[in-house]
Amino acid sequence: MKISGRNKLEATVKQVVMGQVMAKVVMDYKGTELVAAITVDSVEDLGLKAGDKVTALVKATEMMVIK
Amino acid sequence: MKISGRNKLEATVKQVVMGQVMAKVVMDYKGTELVAAITVDSVEDLGLKAGDKVTALVKATEMMVIK
Amino acid sequence: MKISGRNKLEATVKQVVMGQVMAKVVMDYKGTELVAAITVDSVEDLGLKAGDKVTALVKATEMMVIK
Amino acid sequence: MKISGRNKLEATVKQVVMGQVMAKVVMDYKGTELVAAITVDSVEDLGLKAGDKVTALVKATEMMVIK
Amino acid sequence: MKISGRNKLEATVKQVVMGQVMAKVVMDYKGTELVAAITVDSVEDLGLKAGDKVTALVKATEMMVIK
Amino acid sequence: MKISGRNKLEATVKQVVMGQVMAKVVMDYKGTELVAAITVDSVEDLGLKAGDKVTALVKATEMMVIK
């Protein structure tokens, strides 16, 4: 199975903060902190918790460039 | 100046491919390839070319998690 | 493997139109036409062509509601 | 009035969950569950509630493909 | 008919540039230039051309803040 | 420093509403109300409060057109 999304970053979950609808997933990727805002349903569906090895996925059209 | 977007990856531009409206910017981030699809106007405005030190920016709501 | 993206529509590819950077993938989902704009790299990576059985993926934060 | 967004799915609202800022709107689309994360303001502005006939809208650049 | 997207800017189309898959729509909003990258199919479907009165639509989750 | 995002709207913050994970930032832009849904972390990082002069940033691929 392959996904069209071009950016796949293998990261480790550091923290999960649950709100009522949205959750914050803080990850470590090679020393850089990544933050994903996903639904609490997704956190529960994936069973996300600190220490999990995950892949952060970003579509190419969602990435900007600063110079 | 600070930007609300939570994910900032310091990367190096490897390749820029220009289409008519959209351009592909391929970057290297610590050995992982990143791909951003931005407008050709942006590439020209920033003067993006291979070798440039840039920051890839992604809003937290645009990042998914795979486990 | 599970993806946090909440919307997964099992569709059939009807047409792929290649540009220089972006490609259009037209799909059929139970009689409704779906259109995804992804990179040509993704089309080549997945080997997408008419007739393929695929899953269209949309993050919950990317879906609007009209009433 | 026409909207540029290419993906329009006629669905029925099954559930609305209100958070403080974001709300979850669960819909049924031809037997598939759709989930939109929109602001609570939008839910109130549209008066969204279970049973409503709505259209889920997704821009082509926000749709990925899995194969 | 109401759309959940919170940001609606009444603008005037200044220029439309067609690529193979994506098109650039440049608009004027009270003296500020807006740029939307939408599919060429959308441009044709809406019959977009310079001088058109349109509304630029942005979902709240897609807007960042710089300070 | 330049950002590839094409749409930059100079606005004034009118209200900030904090949820547990996401925050709503209401802005005034030349008489039109703008709403951004960003993380509470971003609000704290930028120190956002009513009266602040800010720039609302939107990537061209995130803007739709209604006609």
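A, B, C, D, E and F are the chain letters, set down in written order, and residue numbers restart from 1 in every chain.
The rule we apply is simple: a contact is a pair of C-beta atoms (placed from the backbone, for glycine too) under 8 Å apart; a residue touches a chain by one contact, two chains touch by 3 or more.
If you're wondering where the values come from, they're calculated on a predicted model, not measured in any experiment.
Looking across A-C, E-F or D-E, the pair that copies the A-B interface, with over half of its contact pairs the same by residue number, is E-F. Interface of chain A with chain F: the two copies contact each other largely through different residue positions, with under half of all numbers used appearing on both sides.
Annotation: 22 Å between the Cα-based centres of chain D and chain F.
The distance from the centre of chain C to the centre of chain F, with each centre set as the mean of the Cα atoms, comes to 29 Å. Rounded to a whole number, the gap between the C-alpha centres of chain C and chain D is 18 angstrom. Residues of chain F in contact with at least two other chains: 1-6, 19-22, 24, 35-39, 41-42, 46, 57, 59-62, 64-67. Of all possible chain pairs, the ones that touch are A-B, A-C, A-D, A-F, B-C, B-E, B-F, C-D, C-E, D-E, D-F, E-F.
Considering their complex, residues 1-6, 36-39, 41-43, 45-46, 57, 59-61 of chain F touch chain B.
Chain C contributes residues 17-24, 35, 37, 61-62, 64-67 to its touches with chain E in the complex. Those residues of chain E that touch chain F in the complex are listed here as 3, 5-10, 24-25, 27, 29-30, 32, 34-38, 42, 46-48, 52-67.
The touching residues of chain F, when paired with chain A in their complex, are 1-5, 19-22, 39, 41, 59, 61.
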